[in-house]
Structure formats: structure tokens, C-alpha cells
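Okay, so chain A shows up in both of these, paired with chain B first and chain C after.
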Partner chain A sequence: MAFDQLQFLQTVVFGLIEGSVIAVGAVGLTLSYSVTRFINFAYGEFLTYGAYLTVFLAGGLFGISLPLPAAAVAAILIVGAFGVGVSRVFFEPISERGALPLLITSIGVSFILRNGLQAWVGVQARQLPVPLMRRTEYFGLVELTDLELSVVVVSIATMLAVHFVLQRTMLGKRMRAISGNRSLAEVAGIDTTRIVRQTWFISAAAGALSGVLYAVLFSPFRPAVGFEYLIVIFAATLLGGIGRPYGAMLGAVLIGLAMNFGSTYLSANYTRAYAFLILVAVLLVRPEGIRGGEF
Partner chain B sequence: MPSDRRKFLKRAGSVAAVVGLAGCIGGGDGSGSATTDSGSAGGNTTTQNGDGGSDSATTDDSSMGSNTTGQDGDNGSDSATTDDGSMGGNTTGQGDGSGGSGTPTIGVLLPFSGDYAWVGANVLPVTEMLVEEINNQGGIGGQQVSVVQADTEASPDASLSAAQRLVNVENVDGIIGPTSITISSVFDLFIENTVPVVTPTAGTTSLDTRGGEYVFRTVSSDALGGRAIAKATRDQQYNTIQDYSRMALMVGNKEVFQSFKEPVRSSFEEFGGTVTTAMDIRTGKASYQSEVQAMMDSDPEITVLIASVEDSVKITEAGFQAGFEGNWFATQDQTNQDFLSQSENQVTNGMLGLNAAAYQPAQEAGRLESFYQRITEYAGWDEGSKTFATNTYDAVNVLGLAMKQVAANGNDITRSNIAAAIPTVAQPPETTVTSYTDGAATIDEGVDIDYAGLVGPINFDENGDIVAPFAIKKAQDGTWTEAASLPPEAL
Partner chain C sequence: MALLTGWMAFLVTVATIACIYGLLTLGLNVHYGHTGLLNFGHVAFFAAGAYAAAIATMPPPSTVTNASYTIWFNLPMPYAFPVSLAAATLVGGLLALLIGSASVRLDTHYLAIATFALAGVFEDVLVNEAWLTNVSFGMNSVPKPARDVLGADAWQLGYLVFAALSLAIVYLLVERVMDAPFGRLLKGVRESEDAAQMLGKNTTVAKLKSFVIGGMIAGFAGGVYAHYLGSVVTAQFVPNVTFMVYAAMLLGGAASNTGAVVGAFLLVTFEESTRFIITAYDWVQSMLPDPLTGVLPALAGLLPNNPSFIPSLRFVIIGLLFVLVIRFRPEGLFGDPTEIKSLGEEN
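For the complex of A and B:
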């Protein structure tokens, strides 16, 4: 069989689309890690809550029926605030005990959140009310739907926003300071508790956005969706070097490409396994990730 | 205050840990975790679900199943078989002795939670309605019959422990169910304990060559269903669109779906068609873009899609997005309102599907209509023609009449006596009866009966199988309408 260039390009495009979803999630996860220094296993639930809240806000469950973009924004803000609440209740009180208790607590939190949602809304599959469209051709080479295009655009915009926050705002500078050396930052007069909370907001909101983007592309979904996708996000985060937002973005694109190339050219039955494979390889060969250095 | 807070947190922490552990046991992938988790929720609602003595076995078992073997049906049933072996010694002893003591009990072994909860929801009310009828007619041997349900969660492991509970703890005299998904994990248990089973739901080809002694079914084999799909796609007469000659197959990687694959493929080729690709797809994936692309690359005119509702929604939408111009053909799993309401009409318009057809004599005599009316009133359904409802009607009637026959013959109501009576109450050329009341009265007169049902004449062959007509449905604007009917003789 001749090598099909169009198929190759199309696979690249699919990889970039999925990479966009992963990137938003991976940046959120890695930001919270860089400031709090523990891996938050409850992070996947932010994706789930983001997607479900958007469905409910857009579908009129709370008596209001917002247009989809407004519902998504509202859901992202609510989940952001929710993330701060989760951190205050579960993580802040034990923040001095080191990473391991925090990590184990986060696993528990994730079960509470997921099963709580399930008890509330049930296990039926849900869908976002997005219009179904055919792919249109671009440059005679690749095809994608307007929705897929907008997912990529939203993701790039988010990356730019994160870049701006980190490099150009006081918040970003303080976050980087805390990430570098928390005690030193505290001595320098930075209100670390406040910055940590703000980071939690950004992190949870990014998770929710990632969940919304996921739901736009991959409907229908169930309450376990975020937890299952978390491992893919982990792979991207570790590949990029945990705690490094720019590495996470790069890692996400690579994982997205790997998953889609594996599905197209090897076997479609193992899509996520390709992400795990990379995860294992990174841990074995280059545990610090492809991108060394701070930020 | 700080110490109070610490105490609170300690407690919260330990609660979190406990919840975490509990969750770990349930955590599989995809719908697996959903099913298992909801199983515990289901346990609360569906009466005595899974709280029996075998429960500890369940927990171990399912943790093994979901962690090491994921959702793979085959592996699931392997681990199930091991368990079965270890328990076999205990269970066989109790098998036959159950009859004399206690009231006659019918177990309903079906998924009541998770993706396939609709199966249990369709079958249970019909069973309860008919058991009420049996009891109104004086019960069996003067005793009132009771119904016990057991949730298989559509998982082989959970199914085995649920079946063990029915067989050993509840001492049921007969079982309605299970589905194709879990029949393989419990089949040996039924045989070892001589439990009469009439399943209205298991079409799997794995029952084609076994059963007939204890296991019977009132649903057509998938082998026949697959042949019907091949016939209906090949022949415009049955699909009203065209004689399709190039077919692709996309089949979920579970027994319930795989069971159709070979019959469809071999029959379609036998009828002169070309199978462009026969693809196994992993169920529960987030997206099927690559699979759909590979299917489209093989250039079929119609794609037979044998998968769960959720996966089918994703696959047909992926086909639409990618501009697939061929048609789709679905099985009973998707030929329901659930699938259409989750899909966009522009995707499903013109789509074809296989379903059980009305049995002409039952329809002409008005029995079908009166059943629909009766069950909608009894169960508060909005329509009586739900999937498996008529199959259940026939299954429970056959089982009930067999129990009645055993009692009327003056024999002990034991499992093996009932199993032996099942073929005798549904075999021509005896007096034809069409309901329990009718049949029970005839038995009381000392006359042998031949039950004829709603799905077909219900004459079990040596493997406990029946033949029944099929209907070809066509989706239009969000509803399935009958395009043609396909009698078994045409296959």
C-alpha cells in the first residue's frame, strides 16, 4: 500500500486537536504541582465537573438555559471556585505534612467527587448540545469541523493566556517564586497562601476547560470520564517535565500525536495505551522530562 | 480549636481512604467502573441485591476481574469458572434438595444497573405481571410463587455471584435470564445444579450447540439473526432501499456482539455479497475516528454496526463528520428509542436495523395487542412493544406451565422435574394454549398442552432454541418504523 500523504497529514491534524485538549488539562495540572508540590489525583474530577456543569447550565437543569459558550464560561468559573474550596477543605490543612499524605488524600477526594456526582446525576451518558457538522476541507489537504478548529483555537488562546500570566503579571512572578523556593518566597513577603489559592483557581478552571473541550469532541461521556482521561494528562505532564507549563504544552501535543498515529498506523484498539507507553518510556529513560530547567 | 480541626481532618481523611478503597475495587475502565459503581446504587433500589452470603466472594472476584482482565468477556468468565469450581462442591449438594421446602421461586438474573439496565427494566415487570397471574390461578401446587431478582451488572463476575445467590441462597426453582453477555460464566453452574433456565434475552451463538436439557431460550439465536441481517442487506425486498453488495462489519469486542460476526459474514458471502472489512472495535473508547476511517477506506455500501448504543452514537457521528455516504445497519441493541434520542436525525435517517417481528398468528388473534395493553397498564410504560417484552412473556409462561405440569402430575416441584417438563408443555401436536391461565386450566383437565407464544410457536429444538420471524426497521426523523418482515423460512 502506497504511503498516503493526505492520511498522514490528517492524522497530524487529529493529533493536534486531541493534543489541544490534553494541553489545557496538562498545563492546569502542572501549574498546581509547581506551586503545591504534589500530584493532584482529584484533578480529573475538575474535567468531569466542567463538562457536566456545562451540560446542565446549557440544558436548563438549574432552571436557566444558557447558550453553550456562556454555559462553558460559567462552568469554568464555578469549577475554579470549587477547586479553591476543595483545596481549602482537604489540602490546605495538611499542606505541611509533605507530598505523600496530600497525594493519598487527593485520591480519596477524587473518589468522593466522582461518586458524589454519580449519586447525583446517575451513570447515563450525557452529551453537550453541540451541533453536528461535516468536516470541511482546508488547503485541499486536511479536513476538520468548525468545532474541532475552535477547540484548537481556544486551546492556543489558553496557552497564550497562561504564558502572559506567568511572564507578565505579578501573580505569575509570585507563582514562579513560590515554585522556585517556597520558604524564600515567604520570607520575601509573598502571601503564599493567597497565591496558592489563586493557583488552585487557575488549575481547576483549566481542568474544567479541558473537560469542556473533551466533551465537545468526544460525546457522549459518563462520570468517570475525567478520571480516565487523567492518565493521558499525566503522560503529557511527565513527558514535559512535571511542574513545567511549557513542557506540558509540548508533551500534550506529542501525546496527542502519538495516540492518533498509533491508532491510525498500528491498531485503533489501543489508543490510550500509546500514551501509557510513552509515560513508561519517559519514566525509564528521562524521568525529568524532555524539557529541563525551571519554567 | 486547632486540635478539633485536626480531629475533623483525621476523620475526613479516613473516610476518604475508605471511599478510596471501595472505589478501587470498583474501578475498571470505561463503562466497567460506571457499571460496578452503579451496581452498589442498584443494590439499594432493587430489593435484595447482592447482600447474600456470597457477597464477599463477589468483591474479591470483581476486583480481580476489573483490575487484571478489564472488561474482556473471555477472561472474565475464566476467573468466574475458577470460582465456580471452588464453590461447585458446596452447591451441587443443595441442588436438587431445594424443591420440596419453601415456596416456589422464580429468579430474574439480568442487568439492573449500568449500560444494560434497560434489559432488566424491560423484563422484570412482565415477569411480575405473569407471576401475579400464576398466583391468581392458585399458584403452583397450592403455593404462591415469588420473584427474586439478581443484578448481573452485565459483567460475567457479578453475574456468577448473583447466580450463585439465586441458586444456593434463594433456592430458586427456575431462572429467567441472563443475557448473552454473561451466559457463559453461569452456564455450568446451571447444569451442575440442574436449574431450569428460560432466557428471553440471550441470543448468543454459544448456546446454539448446548442447552436443551436445562437451558432454553425464547429468543432467536444470533446465528439466525446474523443470517437475517445478511439477507436483509442483500435483498432490496427486505430493506426497501437497494440490493447492497459491499458490506463492512464493525463489531464490538465482547461476546454479545462477536456472536453476530461470523453468521453475518458467512451468510452475506453465501448470498453473493462482498465483505469489505470485518473489524473488531474496542468498546467504551472515547472516539472511533480511526476505526471509521479504516471502514470508509474499504469502501462499503453499507456498514453493519454491532455495538453498544453509546459506541454506536459515536461511530455513526464520526461517520457523518467524515462524510461517510454508505448506510448503516444495526442490531436489536440499537433498534430502540434510546439510540435515536441520543443521535441526530441527520445521522440516523435511513438507517436500517434488525428486530424481532410480530408472530403473525399472535397478531391476527389480537393477543399481541392485548399483551401490549396489559403490560402498559401494569407497568405504567408508554409503549408495550419494548425489546424483549414479548420474549419474556413466552419465557415466564413456559416456565410457569412447566411448574404447573409437574405439580399436576403429582411430582415434587424440583428443579430437574421442572426442567424435564419445559419441552413437554411447548411441543405440538398437543392442545394449543396461548396463556398461563388457558394452559393451567387445560392441564387441570388432564390434557397435554402445546404453548404457542407471542414471538413464535415456541417449539424448542434439541438445544432449547426456537425460531421466530424478524422485522427490518428503518429510522426516519427519530423513530423506527417497520420496513419489512423476514420470516424464518426465507433464511
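For the complex of A and C:
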């Protein structure tokens, strides 16, 4: 059988679409790592909460039913604020105790958030009210729906926004200073507690956005959706080197491609495994990830 | 002969499961408590042991309904029991060697995620390869040793005695190893890897050995579990098992073997007793004087009415346990605060 170029290109496109969902989540996770110095196992719950809150706000559970984009924006902002609350209740009190206690606490927090939601809404699958769409052909080569296209656009816009915040705003400069050396940043007069909280907001909001994008593409979902997808986000984050936003973006694209090429050309049963095998292979050669250096 | 009815049967079951979790916790404690290795893939070694025991002793597929597995050894039972447990231990250790050699060099966070991810890959293999694991139908004819000779009740008690003895022996072995120079080397790696290297110790090999020892213990636990339930199904080996074992270890006290065993017993007792919440509710309701009978139903009416409410709440409480133990009593019930301190430091 001749090599199917169209299928190859289509796989690249699907890889990039999934990569853009992963990228939003990975950037959020890595930003919070860069100022808090621990990897947050409860991060997946921000994805879940983003997706569920969007369903509830759009579906009129709270007595209002917003149009989908407005519901998504509201959900993202609420989850962002919720992330700050989670940090203040669970993580700030032990922030001086080193990485391990924080990391283990985050596992407890993920249990509380995930099962709390499940106790409340049950395990049945939910779905965003997105219309079924026909794929449009682009350049006679690849096909994608308007929704898939908008997921990619939203993701690219988010990456540009993160880039702008990091490089052009005082918040970004302070975040980079704290990431480089927290005590030095404090001595220089930076209110580190405040910056850390603002970073939590951005991180949780990015998680929620990633959850909404995931729900748009891969409905229906259950309360464990974020926790299950978390390992894919971890893979992208580590591949790029933890705490490095630009590395996370690159890592996400590679993981998205690896997962889709693996499912198309090898076996669809092992989608996650391709992400991990690449990750472990890279870690063995370069334990610090593909993108060393400062951001 | 209704020797084991009601409460007695329940207690024997809980105690047996607690012994198996005690083994798992002792194994994880070798990794985390004694060596400082953040292993988030413990369930994989447990699963590997359980499947090894199942494959060693399962009867031919032609005699089992819904069978699609193609590897089985059907070892003759009373004598095959030790062989099966040895196989479980060995396979648990081999998987630990495999996962460990890919990840043990990595630092805290990378190690945690690499082990978590590799255990996820292993879970994917179990869920997808019917020829090996019979997937969701499970391996349901794992023989229970001497079950037909002893009868149901005596077997339950006998197996509990066996599980408790196994736990005691493994406990003594781990205590012995941790007192030996090798145990001190592991603690040295935990306190300061650089210092251990300065003294000419090969810390990577030490960590790998620690990983394999803990993996063997978990594999052995898997074998004991398989022959106890007589059935091995993929749904039993989810990542939550790893975190339950962490909860038991932290509650009992990391780096304390007594703590590991006590923590496992407390946690399993808690988990199994939540199924009596409804019974307790009915009992309280029946005891209330007349004017108050409306109170409980009114309160319960505020709660969401879905079947996963109580099972989910159980995990919320386990999550809270993580948070509260780390925050207020990092040494757990039996841990040594000075030992725990070194676990928190980033090297």
C-alpha cells in the first residue's frame, strides 16, 4: 500500500489540535511550579472543575443559562479564584516546609476536590452543549471542524498572552524574579506572597481553560477526567523541563503529535503510553528536559 | 457449621485485607520512608505479583467460561502455593528493576511522575492484553489453597493466620535489613545523597536495590491477595491503591515499620466500616424519641441523592487525612520527627 500522505497530514493536524489543549494545561502547571517549586497533583481538578462549571453555567443549573462562550469565561475566572483559595487554605500554611510535604498535600487536595465533586454530581458522564459539526476541507489536504480550529486559535492566543505577561508586564518580571531566586526577590522588595497568589490564579484559570477545550473536543466526560489527563500534561511539562513555560509549549506539541501518530499508526489502545515512553526516553538522556536554561 | 457469621466474618475479612495492605505499606516504606524515593507507581508491583500468581495456577482456559488468556501453568495446588508466591515476589521485583532502572536516577518530582507514568503504561498493558490478563472478565479461577480440605470457615481463619504470619516475617526481615549496614546506606541516601557518594557509595545501585526490595514485597502481597480472593481483575489495580498505601504509611509514620502496619490496619478498618453508615443511620433513627424522628431524614434530604455519595466521601476523608497528617503531625503515629525532617528537604 502506498504511503498515505493525506492520512499523514491529517494525523499531524490532530496532533497539533490535541497539543494545543495540552499546551494550555502544561503552561499553567509549569507557571505555578516556577514560583511554588512543587508539582501540583491537584492541578487536574482545575481542568475538571472548568469543564463541569461550564456545563452547569451553560445548562442553567444555577438558575441562569449563559451562552457557551460566556459560561466558559465565567467558569475560567471562578476556577482561577478558586485556585487562589485552594492555595491559601492548603499550600500557603506549609510553603516553608520544602517540596515533598507540598507535593503529598497536593495529592490529598486532588482526592478532596475530585471525590467532593463526585459525591455531589455523581459519576454519570456530562457533555458540553456543542453542536455536531461537519469537517471543512482546507487547502484540499486536511479537514477540521470550526470547533477544532477555534480550539487551536484559543490556545495560540493563550500562549501569546502568557508570553506577553511574562516578558512585558511587571507581574511577569516579578514572577521570573521569584522563579530565579525567591529570597533575593523578597529582599528586592517584591511582595512574593501576592505574586504567588496571582500566579495561582493564572495557573488555575489556564487549567480550567484547558479543561474546557478538552471537553469541547472529547465530550463526554466524568469527574475523573482531569486526573486522568493530568499524566499527559505532566509528560508535556517534564519534556519541556518543569518550570519552563516555553519548554512546556514545545513539549505539549510533541506529546500531542506522539499520541496521535501512535494511535493512528501503531495501536489506539496505548495512546497515553506513547506520551510516557517518549518522556522516559528523553529523561534518560536529558534529565532536565529538552529545554534547559532560564525562561 | 456456621462458625463465621455476621461480625466475625467481617472482622476476619478486614484483618486479612489489612495484612495484605500491611505488606504493601512495608514495601512502600522501604522506598519512601527509608530511602526517600517518591514511588507513585506502587500498584504496578502489586498487580504484577497478583497476575503472576494467577498465571502460575490458573486452570486451562477450556475449563473456564469467558476465558481468552493463552498463558497458564495450572500448577497442582497445595504444593504450587509457595511456588506461586515465589513467582509473584520475583515478578514484582523484576518489574521494579525495570521501572527502577528507567527512573531511579531522577530527582524528586521527575521520579514521582516517571513512576506514576510507567505504572500507568503497565495498567494500560493489563487492560488491553486479553491473552495475558483476560482483561475485564478477570482471572476468576485462581485456586484457594486447601479450600476444599478445610471448608469455608476454617479456610477463612487459616488464611488469616497465614497472612498474619507472612506479615510478621516480612516485618522482621525489613527491620533486620534496615538495621544492617545496607539499611544505614539507604538512610544515608535519604539524608544526603552527596554525602553518601563522597564516602564512595554507589547511590544509584543502592536506590535500585531499595526499589527492587519494595517491589518484591508488593509482588508477594499481590500473590497473597490473588489466592485470597481467587480472582484477579484489572479494576482492582487502579492508581488509587498506590495513594491508599501512601495514606496508610503517612498515618502510621513514614520510616517506621510498626507505623506502616498499624496505619494499614487503621485505614483498611476505616474503609471497610464505612459500608455500615446506612446501618448506623437506621439504628440511630430507630433509637430517637418520637419528636426527633423528622430531624435525620430532613438533614439527609439536603445531601445529594446519588449512589456514589458515600463511596466518594470516603475518599474525601482520605484526602483530608493526607492534608492533616502532613500539616499537623508529619511523623504520623509512630514516626520519628527527626527522620521525617530530612524527607522534606529538597536536595
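Methods note: the second predicted complex is superposed on the first by the 295 of 295 C-alpha atoms of A that agree within 3 Å, B and C clash if a C-alpha of one lies under 4 Å from a C-alpha of the other, contacts with A are read in each partner's own complex, and residues count from 1 in each chain.
The rule we apply is simple: a residue touches a chain if its C-beta (ideal position, glycine included) is under 8 Å from a C-beta of that chain, and two chains touch if they have at least 3 such contacts.
Note that the coordinates shown come from a computational prediction; the quantities given were computed from them, not determined experimentally.
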| item | value |
| --- | --- |
| First (chain B), second (chain C), both or neither touched by A:N115 | both |
| Chain B versus chain C as contact partner of A:G180, first or second or both or neither | neither |
| Partner chain(s) touched by A:G85 [first = chain B, second = chain C, both, neither] | neither |
| Which of chain B and chain C A:R134 touches, first, second, both or neither | first |
| Contacts of A:I39 with chain B and chain C, given as first, second, both or neither | second |
| Touched partner set for A:T264, first chain B, second chain C, both or neither | first |
| Chain B versus chain C as contact partner of A:P69, first or second or both or neither | neither |
| Contacts of A:L100 with chain B and chain C, given as first, second, both or neither | second |
| First, second, both or neither for A:F218, with chain B first and chain C second | first |
| Set intersection of chain A contacts, chain C complex versus chain B complex | 90, 93-94, 101, 104-105, 107-112, 114-115, 118-119, 122-123, 269-270 |
| Parts of chain A lying in touch with chain B, wherever the complex brings them together | 7, 10, 14, 89-90, 93-94, 101, 104-105, 107-112, 114-115, 118-119, 122-123, 125, 127, 132-135, 143, 145, 214, 217-224, 227-229, 260, 263-264, 268-271 |
| Chain A residues within the chain C interface of the complex | 37-39, 90, 93-94, 97-101, 103-105, 107-116, 118-123, 231, 234-235, 238, 242, 267, 269-270, 272-273, 275-277, 279-280, 283-284, 287 |
| Residues on chain B engaged by chain A in the complex (per definition of touch) | 5-6, 9, 12-13, 15-17, 19-20, 22-23, 29-31, 33-35, 37-38, 41, 113-114, 253, 280-282, 285-291, 293-294, 310, 313-314, 317, 320-323, 342, 344, 346-347 |
| Chain A-touching residues of chain C, taken from the complex the two chains share | 38, 102-103, 105-110, 112-114, 116-118, 120-121, 124, 127-128, 243, 246, 250, 304, 306-310, 312-316, 318-323, 326-327, 330, 343-346 |
